[in-house]
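The chains carry the letters A, B, C, D and E, assigned in the order they are written, with residues numbered from 1 in each.
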Amino acid sequence: GTSGTTTKLSISATGTDSLPFMAILQVGIDKGWFKEAGLDVDLYNGGGGGNTLRVVTTGDADMAIAGNTSVLLAARQAGSNLKIVAPWFQVNDFYWIAPSGRSVTGAKLGFSSAGSSTELLVKGLEKKLGTTSQAVGTMGDNWTAAKAGEVTAGWAMHPFVTDKQAKEGAQVLVAARDQLGDTPADLVAVNTDYAADNPGNIKAFFTVAERLNKWVVDNTDEAAKTLAPLMKVSPEVMAQSLKDTPELAKAYSLKVDAQALDNLSKLMVAAGQLTEPVDWAKTMDQQYLPENVRATL
Amino acid sequence: MTTLTKLRQSQFVGAVVLALLASVIWQISSGLSFVIPSPAATAEAFVQNFADPRYLSDMGETAQAVAQAFVIGTLLGGAIGVLLGLSAAARTWLEPLLIAFNGVPKIVLYPVLLPIFSLSGSKIVMGVLFALFPVLINVAVGVRSIPPVYWKLGRTVQAGKWQLFVHILLPAIRLPLLTGVRLAISLAVVGVVLAEFFATRFGLGRVVLQAYSHGEYAQMVSTILLLLLVAFTVSVLLWRLERRVR
Amino acid sequence: MEGIHLNDVHVQFDHPSGITIAVDGVTQRVPPRSFVSIVGPSGCGKSTLLAVIAGLQPATSGSVDINGRRVTGPDRDIGVVFQEDSTLPWRNVSENVEFAMQMAGVSKGERAAKAAAAIELVGLKGFESSYPATLSGGMRQRVALARTLALQPGVVLMDEPFAALDQQTRIFLGAEVRRIWEQTHQTVLFVTHDISEAILLSQQIWVMSYRPGHVIDVIDIDLPDERDASIVSSTRFNELHNRVWTSLQKESMRGFQDVETA
Amino acid sequence: MAVGVEPSQQAPPKRLPPPWGARWRAFQRVPQGVRSAAASAVLLALLFVAVQIGVASGALRQTGLPLPTEVVDGTLGLLGTGGFWSDFGRTCLEIGASIVAGCALGLGAGIVFWKLPLLGRVFEPYLVSFYAVPLVLFYPMMIVLVGINAGSIIILSSIMAAIPLALNTRTGLQGIRPVHLKLARTLQCNARQTLFSIAIPAAAPMIVAGLRLAVVYALIGSIAMEFTTAQSGLGYRIRYLYETFDNTTMFANIFVVLILSVLLTVLMTLAERVLLRGRR
Amino acid sequence: MEGIHLNDVHVQFDHPSGITIAVDGVTQRVPPRSFVSIVGPSGCGKSTLLAVIAGLQPATSGSVDINGRRVTGPDRDIGVVFQEDSTLPWRNVSENVEFAMQMAGVSKGERAAKAAAAIELVGLKGFESSYPATLSGGMRQRVALARTLALQPGVVLMDEPFAALDQQTRIFLGAEVRRIWEQTHQTVLFVTHDISEAILLSQQIWVMSYRPGHVIDVIDIDLPDERDASIVSSTRFNELHNRVWTSLQKESMRGFQDVETA
């Protein structure tokens, strides 16, 4: 943890080793771009929203990038020292994949666990498609359960989807985006004390983040090669999965999508995770974002 | 005794045969279900891991945490065990709580530990909590079952407190202490790795979890195998020592 | 004031269910350089009395003086040989024998020399590097004896040192103890259950009563100093045996019922 | 040469005043178990008060601990919710089933290892180092083999429970005093009589110690497995509340797990009393 | 062919370092309803011989006949009392005494009646529901005795049943065994280290030699049937004691060196 004015920024993020839009932070460190911006960045990989965020509430880290529902629920806790400052990865890149030959009608869809983003989506899909659901766990567990016939399809994201398509003939049974529209996958929250002391650091962070996003969009092939070893997949799979990511330019951009935020709030209310819709104008403090990406909420 | 019967009765040979048998069963079952990676694929992943500098640094990270957890856990467990063994008052006050605490699934305490000990500390503390009890219990029981005549002997030769500790207590509990230490090493590994599942920056727990959540079972099993192999080797060596000590 | 003087020694134990009077007013004297045995029924307070003399157990009232000094705690000049096997299994024979000296801070060289002498004295030469686990019970008691003798204490207290051994070994070790005593002439107080053993070894026997324990008979053993096994067939031996037996017999019968129902 | 004393057999036993007051002796007479329980209760109360003050005064703010009184309130609140009882029931079912299955497995294996010493010797090194395996990781295999249900958790925690029991049973059986087996032979006991009337009761102290470990491992195994993988049960609930930042309810559930484990410990102590009746 | 007949019994043990001849050609007879004791140095094969008679250990050559039947394995008509404490700590006194009958399939009611009688016989009335842990060593041996007697075997073999007890208790229990034998008149073969005990109890004593063990002396005890403690002061007792002692003495010294250096 850091206190007072500093050049250090500790980031705690979920999935830096499995999700490319998180792994770009590591790329930023490796390429020295944060250093150039005068930031000494330190990256934690938190396993799941609970840990990722707790590390920030305890002051171990200054910034958390974690699953949408966790961040929202944590920030709404009484006496919370978390402040939501931005959305992260604003396309709906969740899929339900299955071995070939499965049908959506009467399907049982696996999700990770209660209270998670996947539960949110699965609840939405239940209403739209008349499916049922079952808590299973990680992407790996879901794919295993799908193959074993315990569920019809399991949740997955890129590049896992591509990898299983390539290696094991997985097929996308449901693409959540088609059914439910976009939501931000993650939200960025900062420790309020840190933010008060070091507003410049957070601003600098977002500048570098935009640079990284742009790098992915403009140099997709190079990005695939750089990210592949971090994801432990082959460069081909990584390249393909970036290609398969819907609206890459929107996905890898900080430009706030008000509609996606609204959609998230609606889904959470429908899933019973919230009792009333989120007032984003109050909940999300956009002051640290570059002016050109802010939105009126 | 002929060499053949000796060979047949040797524990080592038996254990190797059992390991081979297990590999054969593993090979066969890997053909039956996709969740079980084949021994060959696992071995390949095992070897490749060692060529990966990140894997090696993860290994170092875990080893360091395990070593710290083991040392702290053994010292702490030993100290409390000696206290409990020697003092009836300490037993009255602490024993029931310690027994109850031993029965608690430590993993549910992780949410309590994380905020207090922070990220790198809480995995060591988790390892300590796992390693603590076998040492504590073994030492307490060991101290209590030291034949009273040893203490009487110590008193008649007017041995000082430190002399009693070094020349009577420590050697007298050497066997239960070794047993406790052996279990402590294994459990320190489990504790640290479990903690690494939840939150960490480096460590084999993270590697396993990454493989696990991606369904890369060969990679996952190869790391489990490494953990197993290390714990197994240390444990068996200590266990042999345990049986050789007079 | 040479020797061991017991002045009206009382010992009682408090426990949840009441009070046990273990030793009830013993006033006796062990002359210097003499060999005295105590016999008495189980539980009559023999070990307790020895513990008081060794300074391991405070007397509830009364006092013990050894060579003019009041006993207030353990003293290295008082050697004790216990009934239980007290060899330390993690030390070999010479390390065991050196133990007492090591605790007393005797230098390494001196320790080795004295240990070698003591080991020789008890007839364990050649076994210096054996561990207790590989020795018979009788040999282990010799190790304990050697450990005590190595410190050359003025007084040696032995609490049924051979109780755990079989009769053949007892006869043999008893003869050894007597032989050693004839060489060293330390003051010895020896507790035993075995009447023949007591007669063969001692110059005087105290017979203790069942609880509350005190000395009910003192018998001087007027056998010649040179005692070999053949002495047991002598008339005098048989007379002494009968004398002790009769004293004890009354006590045995009285104590027995009590012990068995304790 | 001796200073003889008159044998005064009729001397009245002397009773000196007790060294301490009567009150101390009265306390000493209270059974050890009751004294221990009272002492533990005092310690727990002190801890409760200390944490309460610490949290209320803000000294423990960064630990994120809620007020102990809130946790107690929350726990009482839990008791009124159906969700809690279904979690609780599932966990109890898992623990109970793993204890039963684990004990049967462990006891059986221990007996087999005793009867076939070669087999026992061969398995021993593997069993003694088995503690180092995070069994949680076999969950994916369980999904395939058993399905997503309590079964996979029960199987894994049964294995965890069985191992210490098997080792202890074997050690206990090997330590039977030869005279007891000789007795069985002279009385011409058949194999069943020897096993159930001599061997198992004779090894009971070790077996019961193993049973204690087995119960602890069944509990730890079930909760830990729920915590990391399952979809219901107390362990899962704690994880869920952890992820969703509902601290007070999370602590209330942790509190329930603590109570459950204390309850099991007490139960085992009582069982031990009954099973080892008459022994010191 | 009544009684126990030993016909040239040999027992040897093979082990990695060679062969031990434990019993080397014993041919003896225990007359029916008589009380015979065996004394001999430690390791001379007494226990082995008893094990052969009990059917626990096959003879290498030679044979044993009991009341005309060849011994081929354990038999419930042959009761054995062991040297070690053989009470079952998880059963109380009456459950312990009933144990042998229970294994033999005796009905519950009969068991209770016979157990009560046996408990009374060994003087343990009132302790029926005590557990062994709360009994003294002597009382536990009485429990073992009662268990054996309850099955009313024709032959009772006792292998140093009092070896672990102190002398007072031995004297007392010896008298009890003699008293019980006077009532039941079973055939008894009794192994002991204690010469006085052997003389006080038996009608005949076999003295065994050190390895290879065989019977070197058979002494008929011509003391009156009524024996109380006072008999030990009689001249005849002392003569017999000396006779046995002398036989044994030679053997003891020979065997001792061997045992101690084993």
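As a convention for this text, contacts are C-beta pairs under 8 Å (C-beta built on N, C-alpha and C of every residue); 3 or more make two chains touch, one makes a residue touch a chain.
Everything numeric here is computed off the predicted structure, so don't read it as measured data.
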item	value
Maximum centroid distance from subunit C, chain identifier (CA atoms)	A
Chain at maximum distance from subunit B, centres defined as averaged CA atoms	E
Winner on C-beta contact pairs when B-D is weighed against D-E	B-D
Centre distance in Å when subunit A and subunit D are each reduced to the mean of their C-alpha atoms	42
Approximate Å spacing (C-alpha centroids) for the pair subunit C, subunit D	46
Geometric centre distance via CA averages, subunit B-subunit A, whole Å	37
Shared interface positions of subunit E, touching two or more other chains	none
Touching two or more other chains - residue numbers and ranges from subunit A	48, 50, 54, 57-58, 140-141, 144, 147-148
Where subunit B touches two or more other chains at once, by residue number	34-35, 111, 115, 197, 212, 215
Residue ranges of subunit C in contact with subunit B within the complex	54, 56, 74-76, 78-80, 82, 84-86, 88-91, 99-100, 102-104, 131, 133, 151
Of all residues in subunit B, those that touch subunit C in their complex	147, 149-150, 152-160, 163, 167-168, 171-172, 174, 246
Subunit A-facing residues of subunit B, complex	34-35, 111, 114-115, 118-119, 197-201, 206, 209-216, 219
Residue ranges of subunit D in contact with subunit A within the complex	62, 64, 139-140, 143-144, 147-148, 229, 231-232, 236, 239-240, 242-247
Subunit B to subunit D touching residues, read off their complex	9, 11, 14-15, 17-18, 33-36, 91-97, 99-100, 102-109, 111-112, 115-116, 182-183, 185-187, 189-190, 193-194, 197, 208, 212, 215, 217, 220, 224, 227-228, 230-232, 234-236, 239
